[in-house]
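These are the structures, in C-alpha cells.
Next come two complexes built around chain A: one with chain B, the other with chain C.
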Partner chain A sequence: MPRFNALGFGFLAPAMIVVTLFFLAPVILTVFFAFTNMSTSTGITGGEYLLTQSSLREVRARSVSEETVQKLESTVYAVDEAGLARLAAARDAATADELAALHGGAEFTSRREMERALKDLRENRIRSTRDRKTLADLFTTSVMDERFQTETEFRTALSAANISEPDQSELVEVAYTGWTWTTENMRLLFSLDSSWRYAANTVFYVVLTLSFNVGFGLFLAISTFYLPAPIANTFRTIWFLPRILPPVLYVLMWYWLTWDTGIISSFMGLFGVSPRNWMLDTATNAWVVIILINGFVGASLGMILFSSAIKTIPDSMLYASEVDGANRWQQIRFIILPQLRWPILFTSSYQTLSLLTSFEYILLATDGGPGGATEVWALAAYHTALNNYGGNLQYGLGAAYALVLVVIGIVTSALYLRFFNFKELVSKPRIEQ
Partner chain B sequence: MTSNFRAFPIVALLTILSLPLVVMYGFTILDSVTDTEPGSLVPTEFTVHHWRFLWDDTTGRGSVWTATLNTFIFAGSTAAIVCATSLTSAYALSRLNFPARRFFLAGVIILHAFPTITLIIAIFLILQFLGLFDTLIGVIMVKAALELPFGIWVMKGFYDTVPWEIEMAGVQDGASRFIVWHKLVLPQVQPGLSALLIFSFLSGWSEFILPLVLAPGSDAQVLSTYLAYFLLDDSLEVDFNLFKSVGLFYALPVILIYLIFQKKLMNIYGGGSKG
Partner chain C sequence: MTTRLLKQTTAALICSTLALPAFAEDVTITVWAGGSNDADAYRIEAIKIAADMLEREAAIDGRELSITVEGKRDFGGWEEFKQGVTLAAEAGSAPNIVVTSHLDIAPWSQAGYIVPAEDYLDFDAWPLNDLYPNLLEIAAYNGIQWGLPQDAESRPFFFWKDTMRGVGYSDADIAALPAKIEAGEYTLQNVLQDAKKAVDMGLVEEGYGFYPRPSNGPDYAQFYQSFGGVLEDPETGKLLLDKAAMEAFFQFFVDAVDAGITRKNHLGTDWGQWYSEVANGKAATWHGGTWHYARYTGKEGNEDFFGTIEFSLIPAGNDQGRANTITHPLVYLVTDQENDDHEEIAAQLVKIASEPRLNALHAIKSAHLGISRQQSNIELYSNDRWATEATERLLTTANAQPNNLDYGAYSEAMFKGLEAAWTGVKTPAAAVAELETELSAKLGDNLIVR
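Presenting the complex of A and B:
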C-alpha cells in the first residue's frame, strides 16, 4: 500500500484555484454562453420586464388575443389609492379625500369621463379646464412603458388590467429585457453565409501559412546548418527577432513597410509608381501580407526546432555520405530530411492549432479587411462578441463561434496526450513506495 | 563538411530573403532619431523630436510612464505568480504521491496544448461578473492562469532531471519532504526557475489581446495597448517616426533581456507558446 503525501495537495492547491477560476470555468462557461442570447442590450446579469410600443408589434405577431392587445393599447383611468396619492401630492389631501368619497374605486375608459368625475368635486372645485386635464392624467393605469423588476410584479400588474393567464405568459416573454436560453446561435452558425466564408478563409489561411512556416523553417534550418558559425548565427538572430519582439511593434514595422507612406511606396515612387497601400489595397495584397507576417514568426519556431534536430544527427553519418560521394542535395534528401520527420510532424500539428485559434496578427494588420476578405473564424468570434462597429456586442453568438474552436482545441489537446509517452511521465514516485 | 560546397550562393539568397526584416529593424532605429524628407529614403537631420512622448503628453492617451509602470506590474506579477505556483505544483506532480496524480498530469498536458485565446469571450464575461473588468489585477490573474500549465510543464521537466538520490539521502537523514524540497531540490532547479521567470516576464510584456479586451480603459493600459492605439485609431495622423520611437521604447527591455539571456531563451522558446 503506497503512502500518500498530503503535501502533494497542499503544493497543488494554489495552481488549482487559479486554473479552475480563470481557465476551467471559462471552458465550461463558453458552452453555456453559446446557448444564450446574451448581448449588450440584454446585459449579462439579468433584466427587467418592460412593454413598449415596439414590443406591441412583436406581441401581435404571437398568438395573443386581439382583446389583450386592445387592453394594452387603451388607457384606463382608475380612481385607486396610487392615483389619489398622486392627486394629494399635486393639489392637497382634502381634494383627494373628496374624490375618494365620490368616485373611489371607479374606472373610466376615456379622459373625458375622468375629467367629468373631477368636475363633480364640490368643496374643492378645480376650476380651470386645463388643470382638470393635467390632473386626469394622474389616474392613468397602464402596464405600458413601466419597468417591473420581477416577474411576479409584472404578472400582478397584468392581472390588474384583466389580461388572461395564457396571454400573460406570452407577454412575460416579450417584455423580458434580460438574456434567455436559446439554440438560435447554433442554427445561425450553420445557416449564415458569412460563417461558411469565415470557415473557408480560415482553411485557406491555415494551409498556406503552415506550408510557408514549415517550408521556410526547413530552408532556414538546413541552409544555416551548412554555413560557418558566425554567419549562421547572424541569420538565426535576424529570423529569431520577430518571435521575441512584441507583436504590436512587429506589425507596426509591417505597416511602415507596406503603407502608402511606407518604404515600398517611397521606393517604387522613385520609378514613377504612384503610392498605394500594399497591405489593404486588394484582397490578394492583404492575404500575402498576412501570410508573410505570420509566416516570418512561424518560420522562426520551425528554424529553432529543426536546427536542434539537425544538430543531433551524428557527424559520422554526414562524413560517411561525403566519402561515398553524395552531393549536398542527396545529403539533405536522404539523411537530414528523414531525421526531421518527427519535428516536422510536431511543428505542423502544434502550429495548425495555434493558427486556427490565434487572431492577434490579423487583428493588428488588416482587422479582417479589406471588406471582410481576411476575416477568419477566430477573428469573427472576437468581432461578434467583443468589438464591432454596430455597437451591439453579441456575446452569445460570439461564444458559439468560440465554442467550435474550444471543441477543436480540446479534441486536439487530448490527441496530444497520445504523442507523449504517458506511462513514463506518470512513473510512480520512489520515496513513498 | 565544406569540401563540395560553395557558401556564397546560399549566403546571397539568405541575404535577399532577410532584406525586408533587416530594413525594418534598421529603419526603426534610424527613423526614431532622424527626419526624412517626404518621398525620400535618406534621412537628412538628427532630432529627438520623435521622443517627445516621453516628457510631453501630446498623444491623447495619457502618460507613457503610467503605461510603463502598469506593464512592469503586469509582467512582473504574472511572472511571479506563474513561477511561485508552478514551483510547488510541478514538484508535487513530479515527485509526490497522492490520489488522482495521473489525472492531474493528464490535465496539465491537455491544458498546456489547449489554445487559450479561444476562451477570451467567456473570460471577458467572467471578469464582468466578478467586477474585475478593466482592472490590472483582473488581467494579471487571467494571464497567470493561462500561462500556468506551460509553467508547470516546464518546471516538471526540470524537477524530473534532479537525481532521486539527493532526496533519498535527505529523507534518510530524517528531513521531512518539505525540508528536502526546500533545502535540497530547489537549488537544483534554480536555472530552470530563472529561465521560466524571464520567459513569463517577456510573455507578459508582449501580451496584447488580454489587456486590449479585458482592460481597455486608460487607467489600466499597458504599453502594448498604448502603442496599438496609434495603429488602430483611424482619426490619428500617421507619424511613423513617432510610432517607431514609442515602439522602440516599448521593446527596449525585451531587446536587453534577449541580449543578456540569449542562450537560455533559445532553449525555452523551442517549446514556446506562440504561433
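Presenting the complex of A and C:
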C-alpha cells in the first residue's frame, strides 16, 4: 500500500506550479476568452451602461419605440422649476434666482449652451469651469453620454426619463459596454476564407520545417558520429548556435544575408544578377527562408538527441558489422537508423506541436509577408489579439484562433501518449522486480 | 467615475470644497507618450512647464499645489505602448495623461479608460477657442470632446527635383506642380509616367521611381481617397467600402510594380535604409510625413531640403478622386482616475500645454505643424519655412481617418488586401472581393459596401 509521501509531493510541487501557471491557466483563459466578444473597447474586467450617438444607430435597428428614440435623440437642458430647485440645493438660492431672471424658461440643446448661460451670471459668478459643468448637468434628465455603473442605476435613470419597460430592456442590452458571451468568434473563424489559407499555410510550414529538422538533424548526427571526437564536437557546437542565439539577433543575421543590400545579393552581383530581396521577393523565397530559419533551430535539437542516441548503440554491433564487411551506408541503414526509431518519433511529435504554435521567427523575419503568404495560424492569432494600428484589439477572436491550436495540441498529445505507450515507458524496469 | 445621478447629489459637496481652507497638495501626474523619440520630447516637457504655470496660478489663488510630472516615452513601439496603457487602465493604474493616436479615442472611451476633456475644460476660452476646428473634431467622438490635439501633421507626396529636371521639367514646372496637383491636373497616372521615364533614363534605379512607405500606416488610406474612396459615411457614421475606388487604388500599386518603378517586395524595407535613400535622391517620387523634414535635414544630412525636394498633396488618382492628405494628429487624453481632482489637474495641464508658445516648441523641434491659429504669430513658428509652407499647402485641406470602433479592423484588412495585390499573390479584383467578404463578416451592420 503506497503511503502519502510528503517529500515526493514536495519534489513535484514546482512542476505542478509550472504546469498550472504555464499550461492550465493559459488554456483555461483561452477557452474563456474565445467565447467572449472581448476587445479593447469592451475592456477585460467588466462593463458599465452607456448610450452614445453610435449606440443610437443600434437602438434604431432594434424594436424600440419611435417615442423612445426621439427622447434619446433630443437632449434638452431646460432652465425650469425642477432644475432651478436642484441648483438652489447644490449651490444657493441667490444663484438660482439670478439664473431664473436671466434665462428662466429657456431650453438649450447642448451642454455647451447651458454652460454659456451659466457664464452669464454676474452677481453669483461660478468661477470654476468644473463646477459650471457639474451644475449644467442639473438641468437635464437625458441619459445620453452618461456612464452608469450598474443596471439598476441605469434603469432608474431610464424610468426617470419616462422610458417604457420593454424599451428599457432593449436599451440595457445596447448600452452595456463590457464583454458578453458569444459563439460568434467560432462562426466567424470558420466562415472566413483567410482562416482556411492560414490553416493551409500552417500545414505546409509544419510539414516542410519538420522534414528539414529531422532530416538535417539526422544528417548532422550521423556525419559527426563518424568524425574524430574533437572535430565532431566543434561542428556540433557550431550547428547549435542558431538555437542559443537570441531570436532577434539570429533573424537580423538572416536579414543581412538575404536583403537587397545583403550578402547574397552582393555576391550574386559579381555574376551580374541584379540585387533582390531573397527573403521577401516571392512567396517561394519567403517560405524557403522561413523553413531554413526555423529548420536550423530545430535541427540542432534533433542533432543533439540523435547524437546521444547513436552513442548508446553498443560499439560491438558496429565492429561486428565491419567484420561482416558492411560499409558505412549499410551500417547507417541497418544498425543506426533502426535504433533511432524512438528518438526520431519523439523529435517529430514534439516538434510538430512546437511548430504548430511557434511564430516568433516568422514574425521577426517576414511578419507573414509577402502579401500574407507566410501568415500561419499562430501568427494570425497574435496579429488579431495583440496588433492593430487602429487600436481596437480583438482579444476574443484572437483567443478563438488560439483555442483551435490548444484543441489540436491536446488531442495530438493524447494520441502520442497512446502511440508511444507512455505507461510502459514510465513503468518500473522489470529487472528490479 | 461619477455618474450624473451621483453628480447631482454630490454637486453641493463639490462646490462647498472651494470654501474649505487651503491645504498643501502634492500630486504626481504621469504622462506616457507613444511613438515619441528625442525630437518629440516636448510632448512631456510641455506638461512639466504647464505644471510650473499651474502651481504658480494656484499659489496666487492661495492654494498650495505641488505637481510632480513623470514622463515615459521609451516604448518598444506603438503595440507595446497601447498594450501598456490598456493593461494599466484595467489594473486601475493608468498614467494620468496619454499622448496617442486619435484612433484610440473610440475604443478607449467606450472601455471607460479615458474621461472627456470637455468635462473639465472650457472650449469657449483661451487657448482652446483658438485651436483649429478640424483638429478639435479629430479629437472628438460621438459628439463629445474627448481630448486635445497635441500636434498636427500631414502626409505629403515628395518629388526629387534633380530627377524631375532630368525627366524634362523646368524649375518653374516643378514649382507649379503642387498647384497643378491640387487642381487635379497632375494625377497619379502622371506620377507613373514620370517615374517610368526616370527609371528608363537611368536617373534612378529600377524600383525607385515611386518609393512608398514600407509599412502599414494611415498613408495608404490617402491613395484610396485619391481614387474617390470615402472611409466613413458622413450620414450614418458607418464605415464605407467603395469597391471601385479600392480596386483602382490596389491597381495603381500593381501598375507601379509592373512598370518597374516600385519593387514588388518593397513592403518590409528597413526604415533606416528607406529614410537614407529618399533623403538623398535615390528615389524619384515618394510619400511620407511632414515630420520627415526633421529626419531628412538632420540625421540623413540633406542640407538643402527646399533646393532638392518639392512637396505637395497626394495627387488624385482619377476623375472620381481628389488630391488629398491625411492628418493623423496625436492627442492628449486624460484617463479615468479614482480621484477626480487629479483628472482635473491633468486636464488643466494639457490645456496650458496647448498654448501657442508652448506648442510651437514641440512643432518646430519635431517638424510637426501647429494646432492653433495664433501659433503663426509666434516668431519661432512663423520664422520656420517648413512649418509655414506645409501648414498653408497641406493642413488646410487635410482630413483624418474616422474615429470608429471598427476602423482598426477595416484598416488592417485594407492593408492586407493591398499587400496581397502589390506582391502579386492576388489580382486587385480578387483582393477586393476577399476584403469585402472579410469586412462584411467582421463589421456586419457597421459597413456600407458601394
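Throughout what follows, the second predicted complex is superposed on the first by the 319 of 433 C-alpha atoms of A that agree within 3 Å, B and C clash if a C-alpha of one lies under 4 Å from a C-alpha of the other, contacts with A are read in each partner's own complex, and residues count from 1 in each chain.
Assume a residue touches a chain if its C-beta (ideal position, glycine included) is under 8 Å from a C-beta of that chain, and two chains touch if they have at least 3 such contacts.
Quick caveat, the model's predicted, so the values are computed rather than measured.
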Exercise for review: Pick one for A:177: touches chain B only (first), chain C only (second), both, or neither.
Suggested key: second
Check your understanding: With the two structures laid over each other on chain A, which partner does A:370 touch: chain B (first), chain C (second), both, or neither?
Key -> second
Practice item. Look at A:406 in the shared chain and tell me whether it touches chain B only, chain C only, both, or neither; answer first, second, both or neither. Key: first
Review point. Is A:359 touching the first partner chain B, the second partner chain C, both, or neither of them?
Key: first
Check your understanding: Can A:327 be said to touch chain B (first), chain C (second), both, or neither?
Key -> first
Review point. Touch check for A:9: first (chain B), second (chain C), both, or neither?
Key: first
Exercise for review: With both structures superposed, pick whichever of chain B and chain C touches the larger number of chain A residues.
Suggested key: B
Review point. In the superposed arrangement, which partner chain does A:44 touch: chain B (first), chain C (second), both, or neither?
Key: both
Point to revise | Partner chain in contact with A:386 - chain B first, chain C second, else both or neither | key: both
Exercise for review: Enumerate the residues of chain A that count as touching chain B in its complex and touching chain C in the other.
Suggested key: 44-45, 255, 259, 261, 367, 386-387
Study note, to complete from the structure: Within their complex, chain A touches chain B through residues 2-12, 14-16, 18-19, 21-23, 25-27, 29-30, 33, 38, 44-45, 220, 223-224, 226-228, 231, 235, 238-249, 251-257, 259, 261-263, 266-267, 269-270, 294, 296-298, 301, 304-305, 308, 318-319, 322, 327-328, 350-351, 353-360, 363-364, 367, 378, 381-382, 385-387, 395, 398-399, 402, 405-406, 409-410, 412-414, 416-417, 420, 422, 425-426, 428-433
Revision key, fill the gap. Chain A contacts chain C in the complex at 39-45, 47-48, 50, 52-54, 57-58, 61, 86, 89-91, 111-112, 115-116, 119, 128-135, 137-138, 143, 145-149, 153, 156-157, 177, 188, 191-194, 255, 259, 261, 274, 276-277, 280-283, 366-367, 369-373, 383, 386-394
**Study point:** Contacting residues of chain B [partner chain A, same complex]
**Key:** 1-5, 7, 10-11, 13-14, 18, 20-25, 27-28, 31, 39-41, 81, 84-86, 88-89, 91-93, 95-99, 101-102, 104-106, 109-126, 128-129, 141-142, 144-146, 148-149, 152, 164, 167-168, 171, 177-178, 202, 205-206, 208-209, 213, 223-224, 227-228, 230-232, 238, 240, 243-244, 247-248, 250-251, 254, 258, 265-266, 269-270, 272, 274-275
Revision key, fill the gap. The chain C residues in contact with chain A across the complex are 1, 3-5, 7-8, 11-12, 14-15, 18, 78-79, 82-83, 86, 89-90, 101, 103-104, 106-108, 110-113, 118-125, 142-144, 206, 216-217, 236-238, 263-265, 267-268, 270, 273, 344, 401, 405-412, 416, 419-426, 434, 437-438, 441-442, 445
